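These are the structures, in structure tokens.
Two complexes follow with subunit A in common, the first pairing it with subunit B and the second with subunit C.
Presenting the complex of A and B:
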């Protein structure tokens, strides 16, 4: 059963939720590199939800963040109330011609740092999963 | 230049404006915008700005902060200036590598190494 919180676009609230999830992951023994990745991916997903998903909605419209943590796996889902978007339609910011565009890097970072990333069909929910790095 | 609400520390060394961040986490959009405006003021005040941004105190930075850095880089280049970045923690440097921005920015290991790049 996932924990679920509702969040408005307020930096203190955003930080509090991120701190809570990162602290739980730390307690479970995830290494600092995983904690760094987790915080960055949550930040990008939450900012995308408010900035893009809620662009045309009232500023107080909340998003939801669901999370489950176990010693093997961290799952975080961020869902907004916007119309959704098509991830494949987002220009690749790592192409030479897009390198100087100021925006559009959140998804690249989420995909790079998470073990699995899935969007729902509507495109208003991103599910991210981090698993324990395999021992070499 | 650095007021009480400033998010950056600024000092002039040998004709180069050195900028350091006060916050360990550069994530908050409002803060990032304020940082961008402060640095914009520095750039606009010089005919050919020479800017060194140190990330010595920074633990986290988001794609919004990268966007502001790109805008700063473009403005400095348009004014025939030079921007160097330095003291980037390995975890944060990886963010630059993933986004390929390590190829856009002039990045140095230390402030001292970056100062040499200004000649």
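Presenting the complex of A and C:
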């Protein structure tokens, strides 16, 4: 069963939850590259939830973060209370015409670093999974 | 105070302030910025201000040495893209150097390694045209 926490847009709270999850992953023996990827993906997902998902909501509106960790797999889900978005409609920041746009790279980084990424139909929840690569 | 912990090489963590320490050197008329620590959402505004001042100070070239930055997320990328745009408008040559492999990987995923001029060392960046 997943652990679940509510977070408001407070940097100390956000960092505390991220650190807790990264520390657990570290205790399970995940390598530093995985810890880097995990922290990066959580940061991008949480920032997206507050900055985009909650853009029109009261500042104290919380998001939820659910997480489960095992030696083989890390799952983190971030859900906001906003109206949701359509991931396919987000401009691709890696296209030549978008390279000079400052923002919009969070989703690309999440997809690059996570083994699996899934959005719910409403588009207000992202589920991310990191698995240990199988040895050849 | 806004504080957070950053991933360390040894897998340890260290508390850091939201203000990003940035050393500023002047070598052969080139301004060299050396930020130290993580560049994330909480520290990107501080970094942005340092870079903005350097670009507006009048030096023909500004080098950002990222050799002491071991973590950066999309807020750091956004800050640097904005800096490059500002540098172009001000006719300042902006170059990056010293990127750690993990940080360089983020640039490559975002295809920004094609947008920035990136050199291995400060000396290379200063010598590059």
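Going forward, the second predicted complex is superposed on the first by the 135 of 136 C-alpha atoms of A that agree within 3 Å, B and C clash if a C-alpha of one lies under 4 Å from a C-alpha of the other, contacts with A are read in each partner's own complex, and residues count from 1 in each chain.
The rule is short, and it goes like this: a contact is a pair of C-beta atoms (placed from the backbone, for glycine too) under 8 Å apart; a residue touches a chain by one contact, two chains touch by 3 or more.
Note that the structure is a prediction, hence the values are computed from the model and not measured.
With subunit A as the common reference, subunit B cannot sit beside subunit C without a clash. In the superposition on chain A, A:72 contacts neither subunit B nor subunit C. With both structures placed on the common chain, the touch criterion links A:60 to neither subunit B nor subunit C. Of the two partner chains placed around the shared chain by superposition, neither subunit B nor subunit C is touched by A:97.
In the superposition on chain A, A:39 makes contact with both subunit B and subunit C. Once the two structures are superposed, subunit B and subunit C can be ranked by residues of subunit A touched, with C on top. Of the two partner chains, subunit C is the only one that A:19 touches; subunit B does not reach it. Of the two partner chains placed by superposition, A:121 touches none, neither subunit B nor subunit C. Once both structures are placed on chain A, subunit A residues 11, 33, 36, 39-40, 43-44, 47, 93-94, 99-103, 105-106, 108-109, 112 are touched by subunit B and, in the other complex, by subunit C. Across the complex, subunit B meets subunit A through its residues 27-30, 60, 62-64, 66-68, 70-71, 73-74, 91, 95, 98-101, 103-104. Interface residues of subunit A facing subunit B in the complex, by the touch rule stated above, are 11, 33, 36, 39-40, 43-44, 47, 51, 93-94, 99-106, 108-109, 112. Residue ranges of subunit A in contact with subunit C, taken from their complex: 11-12, 15, 19, 22-23, 26, 32-33, 35-36, 39-40, 43-44, 47, 93-94, 99-103, 105-106, 108-109, 112. The touching residues of subunit C, when paired with subunit A in their complex, are 2-5, 7, 9, 11, 13, 18, 40-42, 71, 73-75, 77-79, 81-82, 84-85, 102, 106, 109-112, 114-115.
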